[in-house]
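So the structure is just underneath, and the comments pick up after that.
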Amino acid sequence: MAEALDRDRLVWMFTQMVRIREFEERVKRTFEEHPGVIRGHTHLADGAEASIVGSIAALRGDDQLLATYRCHGYPLALGTDPKAMMAEIYGRSGGLCKGYGGSMHLTDAGRGFLGTSGIVGQGIPHAAGAAYAAQIRGKGQVVLSFFGDGASKQGAFHETLNIASLWKLPVVFVMENNSYNVVTRVEQEDANAAAGEPLAVKAQAYSMPGTTVDGGDPVAVHEQVAAAVARARSGEGPTLVESRVYRLSAHGNIIAPPGVPLRFPDHEAITVFGNAEEYEAAKRGDPVPRFRARLVTDGALSAEEADAIAEAAREEMQAAVDFGLESPLPAPEEAVKFVYA
Amino acid sequence: MARELPYIAAIAEAIREEMERDETVLYFGQNIATSENDPFLQAFGSDRVRVTPISETAEIGMAVGAAFAGFRPVVQLYMAEFMLVAMDQVVNEAPRFHYMTAGQVKVPIVLQAGYGFTAGWAGQHTGTIYGMFMGVPGLKVAVPATPADAKGLMTASIRDDNPVVFFHHYLLTLEHGDVPEGEHVVPLGRANVVREGDDVTIVGIGHMVGRALAAAEQLAGDGVSAEVIDPRCLAPLDTETILASVAKTGRLVVVDQSTRHGSAAAVIAAEVASEGFSSLKAPVQLVCALDATIPYSEPMEAYLIPDAPKVVAAVQQVLGEAPVPA
Amino acid sequence: MWRIRAFEERVGQLTRANEVHGLVHLSAGQEAIAVGVCSQLRDDDAVYSGHRAHGHAIAKGAPLGRVMAELMGREAGLCRGLGGSMHLVDAGHGFLGATGVVGGNVPLALGSALAARLQGSDAVAVVFFGDGAVQGGIFVESVNLAALWRLPAVLVCENNGFAEFTPRSAHTTVERVSDVVAPWEIERETVDGNDVLAVRETFGRFLARARAGRGPFLLECLTHRLGGHYEGDPQLYRQALEAEEWQELDPILRLQRRLGHGGFEHEARAEVEEAVEFARASRFPSPELAAGLVYA
């Protein structure tokens, strides 16, 4: 039974959502304002803030989580310093992983964010392994496994959910279903979606409860994930939570050879499917202003307080950008370190 | 104190002793404890010893995740080819994380993989594929040829903080040899000079060490003194020992059950050609499996695989003594 | 069914006598499934199997002599001695083969089903696999695609309750394979795999629909593996069935009781002996064959 969220908790959730949005906006703006600084392929979580924060709000201090290459949101909510995060995305020595990982591999093991995989679906068994470790330790720790709808077609998803259910591992599988796998719509690749069903039905194959929740509502997400976390913590095993979100940016920046400036194109709904209306509707339902409006209407927050939170986030992420730009690039010979433990 | 043990028992002894010594060592895999009476299950309980379904991606991936969280899993995969089902986890996940996170996590896992079962196990179960795993940064590859080394290398592999693929040859399973009792560690990355000699260096990998020794015996009868080296570990590879030997003998033959371009032999030959060229009196000879999937029928199977006569012929070649064909 | 039973029993003897070597998995006890399914198929229907494939190959039309010769590693074998027990192929009869890595055969069958559709043919694809394969990732990847593309494929699961040396309960919480695929809502049925008439009837219904362009289908056949996982398996992990229990379950005896008569055993054993003679008389392949067929 999820505990009711008090005002402080609600404001905390809103603050994290605002911070994540601001961070992602600043990452995206770096492509325009400082071309060449961010290399490779960067994936943003704007649109998924409510799902990320609602989930993490259900955790206690010694719980752990793993995620995918779309990983910027989780460490922010855990308290990781955005300066180190931005520096990592910029490939600097002051980065969270000293420039070794980049955008797709942000890790803060000390805060329980054990890592990400850049290969779709392959982080799911990692999370189950961490949950197995937690089960042996017997301290009641729970692990969250975040992945997208595309990953649910991967064999790793099937194998891991089966074992996690069989061994009653303390893990919660949070599938952020944003209806797209790069440029493919979920109905084009998923038999359940093609039949008009929620993807949570897949849990039935594993004797596991599966629920679907509006990933744009942090309170609803918190309720579902907290219930799943409680279930896991009490030794009853895993749950599949399908959190319906809409990513507001394209899958990632364009893929181009060195020399061609990288940028974020429009969302695939527009560029591939010619469905601008879908995208516009998603923007109208943007979870961040939606939650702000709700808190202000409920009297949990005044408009001025909400503005102050936004302003603080702007300053914080500006400082992160500045730190990132000023942080030196690693010395080249650092490349051969950390090969072996 | 040493006593005779079969190769397969030496491996199990290493795992058991390490599990006794370190409670973070786990052991899981398919069919690993098929009844309550299984000795590992009895000794260590069902937390640390678990049977898995046929799910290599999840088995290896979970090992990685448990390692992130401080455990040291050993995954019993039985046959090396089953790693191919989960190649991403072996090559693109396990060895990457320590590096990509600048050391925040480590992945001390051991993948126990049998190979080379040229006894009619046919095309999909009989390959020698360690070559695919050499040169993967962060991944170590052990290939013991004797029971003592099997125990020593497994112990070292479990204690190593990096992912290790432990290839054990199925034809060596029941080979007996002296195995030290108690703690016995063979460091990863240190070759063994099994037989000293002056005229030619023969490097053998895994089961081929035995064939190299048989060839050396035969050659001794012809007055040729062969030095036989067992690298024991392919990554890291002890090129120093091999180069020192070639500096002495000037001639090198490498015997490897892999196919030529996928072999450890090719890597060793390249290292010697590049770092020890001035020592060489003749080109390096590779004695590898012919380029074909391993067939089922026995005469064909034997045709493909290196044997002592093929090694002897290769040595005669580097000595310049091969008879001129009529 | 008697042909398969006699064949498998003989292969067991020959393996113990070292005339058949290597890794051999026998299907005695599971004949009703091979026969109930394959007896209704054409040569252009593609059939795939796993490592326990002798019965499927025979039921699909592979001549006993050529299967036996393959197991004995002879030139006259289906694959000239290159494949062995786990890699039997008889393309002419549509038996596109046995495979050695669990689950690897399932997507192959989908490929054949896709090809049939693209060629405008009403041929179907059938793949036999065990309950152990269902937990592998490749199975669900395949089910999703087969369902999404509505491929004319029939997935036949021989659920004998054991995957190698461990019971199904060590592999998953879900007892029935048909429940595992429930989320994809493909047409499925569970039958008594030791009742050849039940297998035949249910598969026949699926076959007719597959030929009409529908699919995929899952036919779960509950059965019993009479022997060990492989020939030589001491089977310490399970209780042997009492002879009386097996009498009740044996698909051959059950059919004989239904029909009210036996027969066929004598002819089957004679045919198997002929196959053994044929194989023994065949020469071994020349070693050079090994290197000759690497590329097409």
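Order of writing sets the labels: A, B and C. Residues in every chain begin at 1.
Assume contacts are C-beta pairs under 8 Å (C-beta built on N, C-alpha and C of every residue); 3 or more make two chains touch, one makes a residue touch a chain.
As the structure is a prediction and not an experimental result, all values here were calculated from the model.
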{"item": "Central chain of the complex, centres being mean CA coordinates", "value": "B"}
{"item": "Chain pair, A-B or A-C, that carries the greater number of C-beta contacts", "value": "A-B"}
{"item": "Most distant chain from subunit C by Cα centroid", "value": "A"}
{"item": "Centre distance in Å when subunit B and subunit C are each reduced to the mean of their C-alpha atoms", "value": "35"}
{"item": "Distance between the centres, which are taken as Cα means, of subunit B and subunit A, whole angstrom", "value": "41"}
{"item": "Interchain centroid distance [CA atoms averaged], subunit A/subunit C, Å", "value": "45"}
{"item": "Subunit B, residues touching no fewer than two other chains", "value": "53, 55, 57-58"}
{"item": "Subunit A: positions in contact with at least two other chains", "value": "155-156, 159, 162, 166"}
{"item": "Interface hub residues of subunit C, defined as touching at least two other chains", "value": "135-138, 171-172"}
{"item": "Residues of subunit B touching subunit A in the complex", "value": "26, 47-48, 50, 52-53, 55, 57-71, 73, 88-89, 92-93, 97-108, 137-138, 140, 161-162"}
{"item": "Contact footprint of subunit C on subunit A as seen in their complex", "value": "153-159, 162, 165-166, 189-192, 194-195, 197, 201-207"}
{"item": "Subunit A to subunit B touching residues, read off their complex", "value": "64, 66, 97-101, 105, 107-110, 114-115, 117, 119, 122-136, 155-156, 159-160, 162-163, 166-167, 338-341"}
{"item": "Interface residues, subunit B side, partner subunit C - complex", "value": "30-31, 34-35, 51, 53-58, 81-82, 85, 119-125, 290-293, 295-304"}
{"item": "Residue ranges of subunit C touching subunit B (in the complex, touch as defined)", "value": "21-23, 70, 73-74, 77, 79-87, 99-103, 132-133, 135-138, 163-166, 170-172, 236-237, 284-291, 293-294"}
